[in-house]
Amino acid sequence: MSYILIVISAIFVNNIVLSQFLGICPFLGVSKKISTGVGMTGAVTFVMVIATIVTYLVQKLVLDPFGLAYLQTISFILVIAALVQLVEIILKKVSPPLYQALGVFLPLITTNCTILGVAIMTIQKDLNLVEAVVFSASTAVGFGLALITFAGIREQLELVDVPKGMRGTPIALIVAGLLALAFMGFAGLV
Amino acid sequence: MAKTESTLKNMVLTLLVITVIAGASLGFVYKLTKEPIALAKLNKQQTAIKEVVPGFNNNPGEEVLELTSKEGFNIKVFPARKDGELIGVAIETMTNTGFGGDVKIMVGLKPDGTIINYQVLEHKETPGLGTKMDVWFKTDKGHQSVLGKHPEKNNLTVSKDGGEVDAITAATISSRAFLKAVRVAYDTYTENSGKIASAQNSQPTAEGGVQ
Amino acid sequence: MNVVLITIITLGALGAVAAIILYFVAQKFKVFEDPRIDQVEEVLPAANCGGCGFPGCRAFAEAMVKADDISTMNCPVGGAEVMAKAAAVLGKEVEAAAPKLAVVKCNGTCENRPRLTTYDGASTCAIAASLYGGETGCSYGCYGLGDCVEACTFDAIYMDEETGLPVVDEEKCVACGACVSACPKNIIELRKQGPKGRRVFVSCVNKDKGAVARKVCSAACIGCKKCEKECPFGAITVVNNLAYIDDSKCKLCRKCVVVCPTNAIHEVNFPPRKPKPAIESTEKKSAE
Amino acid sequence: MNTLTVSPSPHVHGGDSVKKNMYGVVIALLPALAASLYYFGIGALVVTLTSVVSCVLFEWLIQKYLLRVPTTVSDGSAILTGLLLAFNMPTYLPIWIIIIGSLVAIGIGKMSFGGLGNNPFNPALVGRVFLLISFPVQMTLWPKPFESRFSYFNLTPDILDATTGATPLAAMKEGIANGETVSQIMDKLPSFNEMFFGLMGGSAGEVAAGMLLIGLVYLLLKKIITWHIPVSVIGSIFIFTGILHVVDPLVYASPVFHILTGGVMLGAIFMATDYVSSPMSNKGMILYGVGIGVITVLIRVFGSYPEGVSFAILIMNGFVPLIDRYIKPKRFGESVKPLKA
Amino acid sequence: MNQWKNFSKGFFKENAVFTLLLGMCPTLGVTSSAINGLGMGLATTFVLVMSNLVVALIKDFIPDKVRIPSFIVVIATFVTIVEMIMQAYLPSLFDALGLFIPLIVVNCVVLGRAEAFASKNSPVSSIIDGLGMGLGFAMALTILGSVRELLGSGKLFGNVIYPDQYGMLVFVLAPGAFIALGYLIAFINRVKEKA
Amino acid sequence: MLKTFSLGGVHPAENKLSAGQKIEVLPVPEQVSVPIAQHIGAPSEPLVKKGDTVKVGQLIAKSAGFVSANIHSPVSGIVQKIDDVLDASGYKRKAIIIKTEGDEWDESIDRSPALNKTIVASPEEIVKKVGAAGIVGLGGATFPAHVKLSVPPGKKCDVLILNGVECEPYLTSDHQLMMEKGEEIMVGTQILMKGLGVDRAIIGIENNKKDAIEHLTNLAKDYSGIEIQPLKVQYPQGGEKQLIDACIGRQIPSGKLPIEVGAVVQNVGTTFAVYEAVQKNKPLFERVVTVTGKSVSKPSNFLTRVGTPISTLIEAAGGLPEGTGKVIGGGPMMGKALSSIEVPVTKGSSGVLVVPEAESKRSEVQNCIRCSKCVSACPMGLSPYLLMTLSNKAMWDRAEEGKIMDCIECGSCSFTCPSSRPLLDYIRFGKGKVGQIIRGRNK
């Protein structure tokens, strides 16, 4: 697969959030403001790329040689969990404002399906290491695109009077649905 | 309640203990389910082959041939024999021209190439449209069915392209992809028919067994 | 090799490596954060109403942890109970603050205060107030456009259609003070709830001279000082032609209520009394 | 003397109103509606009436019984949504599907957000795309002009076969996929002249480019919309397909073909310009228009849908808040030339 | 705590999907039919109960810094077990749920309960909590699955309710998942408000 | 193409009903009420007390700071009281109330109508005299004129712009003044030019006053450095920033004063007052006020003493018509609705507009439909729809970011909005809040 196709596919066509249903929790959770959305995107991109590289190596260097494919889930998640905790500890020290902004969601990156999902998909798709990096980075960009667009709409909805019963989560989900509906237009682009 | 402190020793020890226990239980369950999983996989393949080429009594999985079509697709050919006699082949074939990308089907051909039956293995077509291919081309209605047709003797393209097969309503693209996959299977089969016949005596490939 | 064994070794190794790396990084990048902040935050009601004067519950928790003395701080939503819990977490003392309640100090109903002009601008009190003195001659009184209602996150204040004045729902009001700061005319005050909800207060904020005030509103305080003289406890002072009852001194004897010539002093939640049934009706209204 | 009214300035109003704008757009749509009735006959009438009536009815019902707010159906926006939804549907569409489309457009697309002015996405397009994805079979059944005038209630497979055909875009897409060249395909299609007047298969209101352009002139004259969005949409589609066409005229159709077919005119003039779901600043509008143009071409040429305007507009609707946030109107005194003393 | 309350809170008051908005990915990803929703819900319940139990048992021995990794290993173990068992005995459901089975590991509900409940409570309460939460989750997924299946293809647990040509395909696809859940939550909020 | 400003603008119906009506001198009222705050800046300090006898033109309240202005008695008589009286907004403000007795002018005032062309005063004397005469901007902003004439050190003024635009619908006082006192305005211009030390002055006049343009162009031939600039009829052409942009193509940066681009703007009425002050020693205590309205039987332009009750003016214009819904002090775009017609004329009153009931109610407010018409109308390039919402939701930081302080309160946005949204109401309020925040921060 050429890199361009990987990029377009991961960002638009098979957008991780809007068509793959991964990472919905942070998508709904940290999208109230554009600025936190941007921060989250950064954090996810960072973690995702590193996690993909590390899990890729674990798979190729440890699991495959020993025929331990069934340990994929557990070893990947262990690696990711440790990694996220590292990022958290470092971030707390290096950039307290970003740490504050991401709040509870930083530990939840661990439980952000995108990271594990992408790590597993990379193996399933049988990509090589460079492709894996491109794939994970563009998936993260796709996540960011969806998240920031969504945050923009939600910020705008803050300014209008949404009916009481729909305020908050319901309307956010409707917006996500309509965004997904729109993104279906990209079908077949690759 | 006295929490264990976060010293290096404690941390390493705890994680070690937990992972060791986890490893032990996983290894154990793995051993337990290894057989059933393999069986389930084999079953799936056998059932699929049985559906498209009924009546064999060998283990086609053991005799599988891995081929590459002209278009560069990986094609698997499972020879089906009854008492050593080749009664047909089940071909795992594909195209990449579906509405949602790859379409993978298993098609059963008589030795002369006539279509016995097919089964759709994998696709990403739209539910309600392209997905209808799993029964559409078996249904005896209008000019839908391809069963009993021969890719060479019949013009197996959609009527829109001048062929004799009715496309799935509003899913011409999927229909074309389906028919194309059949064609790929047939072409690959005829090109390699010699190999297939001779494969009878060859060693079962590694792929043939359970993974 | 035995599958089980390999599994154990691989996972064990992964686990141990992860633990070691985590340990060293954690050592290197240590940040101290007072764990009590989390604990305090946990006891707060998480209404994030800002009534405490801090942006959200967590900020309040942080402030409480930092402060030496938290007796001046109060969570209006959780009240004394929550403050006591928070204090317990921090090992500090708080005095139970007397429960308070929002009180609307204007009785300029449509009857009491005839309308001289009609307002036709953006319908908020703040904007009306920045434009002009109001639809009636009283430039101190309530505009009735409901900024206070809007401000209350607890649905505790609503507009009485008939009088055009806001009414506080005593059950729901948590004395967060949002309405107090929302009102551009400073009409709402947080006052002691009083035993059994009994309160006596001056329901007027007009500082005009008596004659002027009376001309524009029949229920205005005219600053005649009768109540000031009457009060046995010195709880009432008249400043700028306006009487004010200090709720820490008021003993709820209700003598002032009787002497007020304009019925500007209101008593609420008292059992009905015989001699002056006339006032009863207005009391009821504001008590509801 | 009666009481004086006091209000902040200004004390006069220009007299513009929501109604004037909405009914203005309705008027601008009339030529295209007339063309549609002329070409597609009963079907066009049924689809339009059903859509408009059910949109208005749903808006009224939702406001009255669900939201319990004052009803505002008379402002004309629901009529417009109904009309534009109808314009985006093929004229053989069964009534029940139209009603579902109206419910989605008004219920999900508009009222869930609080009604007029609050919806981030274009309601009519929400309805249309929802239907397209839910009922792709019915939504891609294109009656031929004139031949389908008297069939709607009497549709039998025979009549269907005889009176439907592919839209030029679908034909182009299929042809290219089958390996034909553009000029081979074009020979089978109506001429540009015919296309301009709407002699081709397509949604009820989208076919007659000429009529839609009359509407555009009316809208511009009445100052209901500005030129920015229509020009940037049509212009960017023209330029982008033009470049492709120059690069390889065998597989990429000419820009004229692209702007005359499908929903480009309808979309650029009436749907991308929907106030509510488009940006506020002129620069923003141009960016939005170019975005729509580029995405439309991408979908048409490289994607799996033959027609991309609806999706492109919806996608760009999603970006409008960001555009508004970061692209501000030009401010007074912003670009000051340094004063030479 | 009253164990009944502890159990029942997962269904309504603290329902993971409808009120806490946790575990959204499987919620949206696998609920294209009721049976998938139910299967996923039960698989999650199993993991939830078991991991809650184990976490409650070992909570006192875990140093803080490795708390999350430890919990995750526990959870991942059970997930892998479920994965293997399903693969062996329910291959078709396994195929249908696909990637979402390993992703139970990262289902926020599971870790969330381990963190918020099991690590502070007794094993028995933790099991009950896990069961309540899990079944509540399963219930939510089944409801959403039913709604989507019914609207999308006219079926309920595979039984034809009305001909599928009247079904709105969009509900089987991504956008429909979001929209259906959105209105479901709005509806539940409304019911709750009245209650 | 006529010159005009570069962004936004609207065109309300002009309705210049009183155009061409000669300026009538209104009789001296029986009693005047002179507020001590008639200008931007600190209220003046009263110099008289109850019972004092004053003459016309006598200083009765003195400037209380740099940005403040003197106030002179508009009548002769006895000070009744100094008290809080209801002002136009229904709030109480301090005012000096004088009972008229005769009409005895201060001796120093030269009452002869003869034109005095020779300017003897030095630039410093000019600024001093203007200050002493209590002249404030008569264009409506009532900014003390001498402050504008004192160019701050380090800045340079190279052009004086006279505002004869009168872009407000209905109002005609400046128009009439230009027609009747053209010569005086020319001399006044020369005085201002001398005071500022510039040799170029431009008088901007909207093209709907062709007679005034012609008249002044003829007169300007005799004076060096004065140009007449016809301008497109477009509101708010008279806004200072817009006028400078239109006349000399310079845009004042956000938050800056005209002097930043080397310009000073004065209204033509102010210029006339400057002429009177410098050449005739006459302080500012009377001005031309237009009384107009569709239902008014005799729309007129009156020369009126400050402090005269508005009701007197309306009476002189034929009385308050039946069914009056609103009385506006000023024009319909920027004027203030009065809550009582007993309030007095002040230095800033350019007109009184009587609006019939049918036209005095606003239409019902609807949701913003994001039509962006307010954005296109705003002459300052702001986003009024957004500023209104931000103001409503108290998001002050974003409002400040959106340059809410740049709003000149012209009302073009509210005028255009098809949803009849009270945009300016909220923006004005927001400006107040944001202004407070900024001042608090700068402290």
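Here are some notes:
To keep things simple, chains are lettered A, B, C, D, E and F as they appear, and every chain counts its residues starting from 1.
Just so we're on the same page, a residue touches a chain if its C-beta (ideal position, glycine included) is under 8 Å from a C-beta of that chain, and two chains touch if they have at least 3 such contacts.
Note that the structure is a prediction, hence the values are computed from the model and not measured.
Fewest steps needed to get from chain E to chain F, stepping only to touching chains, is 2. When each chain is reduced to the average of its Cα atoms, B sits farthest from chain C.
Chains D-F form the pair with the most C-beta pairs in contact.
Of all the chains, the one whose CA centre sits at the greatest distance from that of chain A is F.
For this pair, chain A with chain B, the centres built from the Cα atoms lie 32 Å apart. Chain E has its Cα centroid 20 Å from the Cα centroid of chain A.
Per-chain Cα centroids separate chain B from chain C by 71 Å.
Per-chain Cα centroids separate chain D from chain F by 49 Å.
In chain D, the residues that touch at least two other chains are 4-8, 108, 114, 117-118, 130, 133, 136-137, 304, 324.
Within chain F, contacts with two or more other chains are made by residues 90, 339-340, 360-362, 367-368, 386, 422, 425, 428.
Within chain C, contacts with two or more other chains are made by residues 6-7, 10-11, 14-15, 18-19, 22-23, 26, 116-117, 120-122, 127, 131-132.
By the touch rule above, chain B contacts chain C in their complex via residues 6, 8, 11-12, 14-16, 18-20, 22-24, 26-28, 30-31.
On the side of chain C, the complex with chain B involves touching residues 2-12, 14-16, 18-20, 22-23, 26.
Contact residues on chain C toward chain E in their complex (touch as defined above): 11, 15, 18-19, 22-23, 26.
Of all residues in chain A, only 18-25, 27-29, 70-74, 77-78, 81-82, 85, 107-108, 110-113, 115-117, 120-121, 124, 165-166, 169-174, 176-178, 180-181, 184 touch chain E in the complex they form.
Contact residues of chain A toward chain B in the complex are 70-71, 74, 78, 187-188.
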